[in-house]
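Two complexes, one shared chain (chain A), two partners (chain B, chain C).
Now for the complex of A and B:
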């Protein structure tokens, strides 16, 4: 009875039942409340578990984007492919809890996934493209955007997140 | 319990929930920062409060409310959370030992309780979250663990593979008047790793502990620690001991 390693985007399912329960009514609410209570117990106090939950939620959003169809924006945009999803998941792995709380995950019109951070007039994002590349940018107010170099290595992702942390704040 | 040089402890925490005696506000914790110079990094942690209004139309608003003052040390391996309902001290990797964890938790608790002036202690917990890294893309769980989801033996071999999984098992601790919860499931693999990370999360808590003073409180924590160790040792096999020794 072996335990299996699964493809990265399918690893994280611990809390999906709670968020997939879209039913309404008393019984559904009771089920949700029960799941919510269980979730609170699991995350209570733990820094590791709080982050784990945030990674789960962000991963769910990334996985959901893979179900987009071509022309999802009515301008012919392709859906994010496996390369974009895997790179976005890699970035999540190196994000800290405050960033995971802040991040907005959106599909890119060019094909890929954008991980966006904003605090007052400060903005930064990392975009994972369908061609496997990662592009970062940051700016404040009306300033000209500054590129954040990412060569795809783990170290460059960590450095990019550090730059975003310093720019947007934790 | 034997000492493990490569202990898989990702987080060890001591948690105390209280019933506050005053009308505490989160801002009241700000002066604590001056007393905790060794925790220079502050995190603002928010709770998303969603309000859904039904009427002629349905509207939804999401408001972020701060719920705790979270401070980290410079090395990012010690975190203290002060909230209106309690206090948590976490030691992240690399774990040192129980004595360090307990002593630092006690020091921080003294600072917290001086300000919060708890009416009573509502709950205490000792929690150790272990992440084992079993080599390979496929492992036989019983080689490494004595606790895991049991798959029906009548199933054909090709139908018995499972994962990822999540399991929560509460064990009543009658003598301690508490509950030990084992949360077990898959961890998040590091990109590129050929391992199966499995979380073994031991959470032992006592609600409304019957302690008359601080000495009794910390003596109870010692008992919780001993019990937690008993469950940990019983949960792993010698093959896992070799991995972490």
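Now for the complex of A and C:
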């Protein structure tokens, strides 16, 4: 059961962009700043707000990857497409705050997005591909890597995150 | 970095050298984004085509950072694997191996050391992209075993 019952945080990013690039004048900016200050005071220390901020930050990183050019790695890699971005956003939705703090979001050399976790010698990732598939892997030290299968369903994403949680630790 | 390539990089009529010793290094450039808590993640690799590397027998690590086709690699890093660190066949026992993996020397006119990490279906010769799961394991294994030769700044 997700802590926050809301759809993927696409809108949050859109609002952020709107705020930064708005053209509604000084009065609107002052009103926004005042309301933001009030909101910050009310939600300070809230678990809900902390998670909201972490999801927002991660979502912005995912969105930024969509602007990569083809051949961004100089070896011919394509940028992540909409399918990969949407699946990465779905995974974020099921992450807990400690995972959101730890996750490293990177572009995939095969086209897609990698959500990577590492703690001491324990590594795991979930990779969303441009073909719409999701696949993960985990390993400890130099032990043989083990696949984390994901069939694309919400349950399989939750199970994969649980496996990562158990492997890497919270 | 000087844009003039050193003589060692030019092919100058030299033949393909198919022999790789187990300790020979293979170099590849990378960006800092693929370093996760100090280690390279295999997510940064692709086996859609055979990945390009430079073999250490005929090159130095920094040679993979020479500009190519008007692309500059200032601030990029270089990682390496020894040939013996590349799995030779996958999947591993007890499963029946379906793919043979290994380095292949594919010299270019301006980069004699150019090679590829080649994957072929058992009993065939042409490059064959490994199956999804095997590819994921292979990329993770290479990420796990990669050594940083030159640290990426960007």
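Convention: the second predicted complex is superposed on the first by the 130 of 170 C-alpha atoms of A that agree within 3 Å, B and C clash if a C-alpha of one lies under 4 Å from a C-alpha of the other, contacts with A are read in each partner's own complex, and residues count from 1 in each chain.
Here is the rule we go by: a contact is a pair of C-beta atoms (placed from the backbone, for glycine too) under 8 Å apart; a residue touches a chain by one contact, two chains touch by 3 or more.
Please read these numbers as outputs of a predicted model, since none were measured by experiment.
By the touch criterion stated above, A:75 is placed in contact with chain C alone, chain B being left untouched.
In the superposed model, A:116 makes contact with chain C only, not with chain B. Of the two partner chains placed around the shared chain by superposition, chain B is the only one that A:154 touches, whereas chain C remains out of contact. Of the two partner chains, chain B is the only one that A:44 touches; chain C does not reach it.
Once chain A of one complex is fitted onto chain A of the other, the partner contacts of A:27 are absent, as it touches neither chain B nor chain C.
Shared-chain residue A:97: touches chain B; no touch with chain C.
Across the two superposed structures, the residue set of chain A contacted by chain B and also by chain C is empty. The part of chain B that touches chain A in the complex is made up of residues 10-11, 13, 15, 41, 43-46, 79, 81, 86, 88, 90, 92, 125, 127, 129, 134, 136-142, 148, 151, 160-166, 168, 181, 183, 185-186, 188-192, 194-196, 198, 201, 203.
Listed in rising order, the residues of chain A touching chain C in the complex are 73-77, 104, 106-111, 114, 116-119, 123, 125, 127, 133, 135, 137, 139, 142, 144-145, 147. For chain A in complex with chain B, the residues that touch the partner chain are 1-6, 8, 10-14, 38, 41-42, 44-49, 52, 55, 89-90, 93, 97-98, 101, 154, 170. Listed in rising order, the residues of chain C touching chain A in the complex are 29, 31, 33-34, 36-37, 39, 41-49, 51-52, 68, 71, 73, 92, 132-133, 135-137, 139-141, 144-145.
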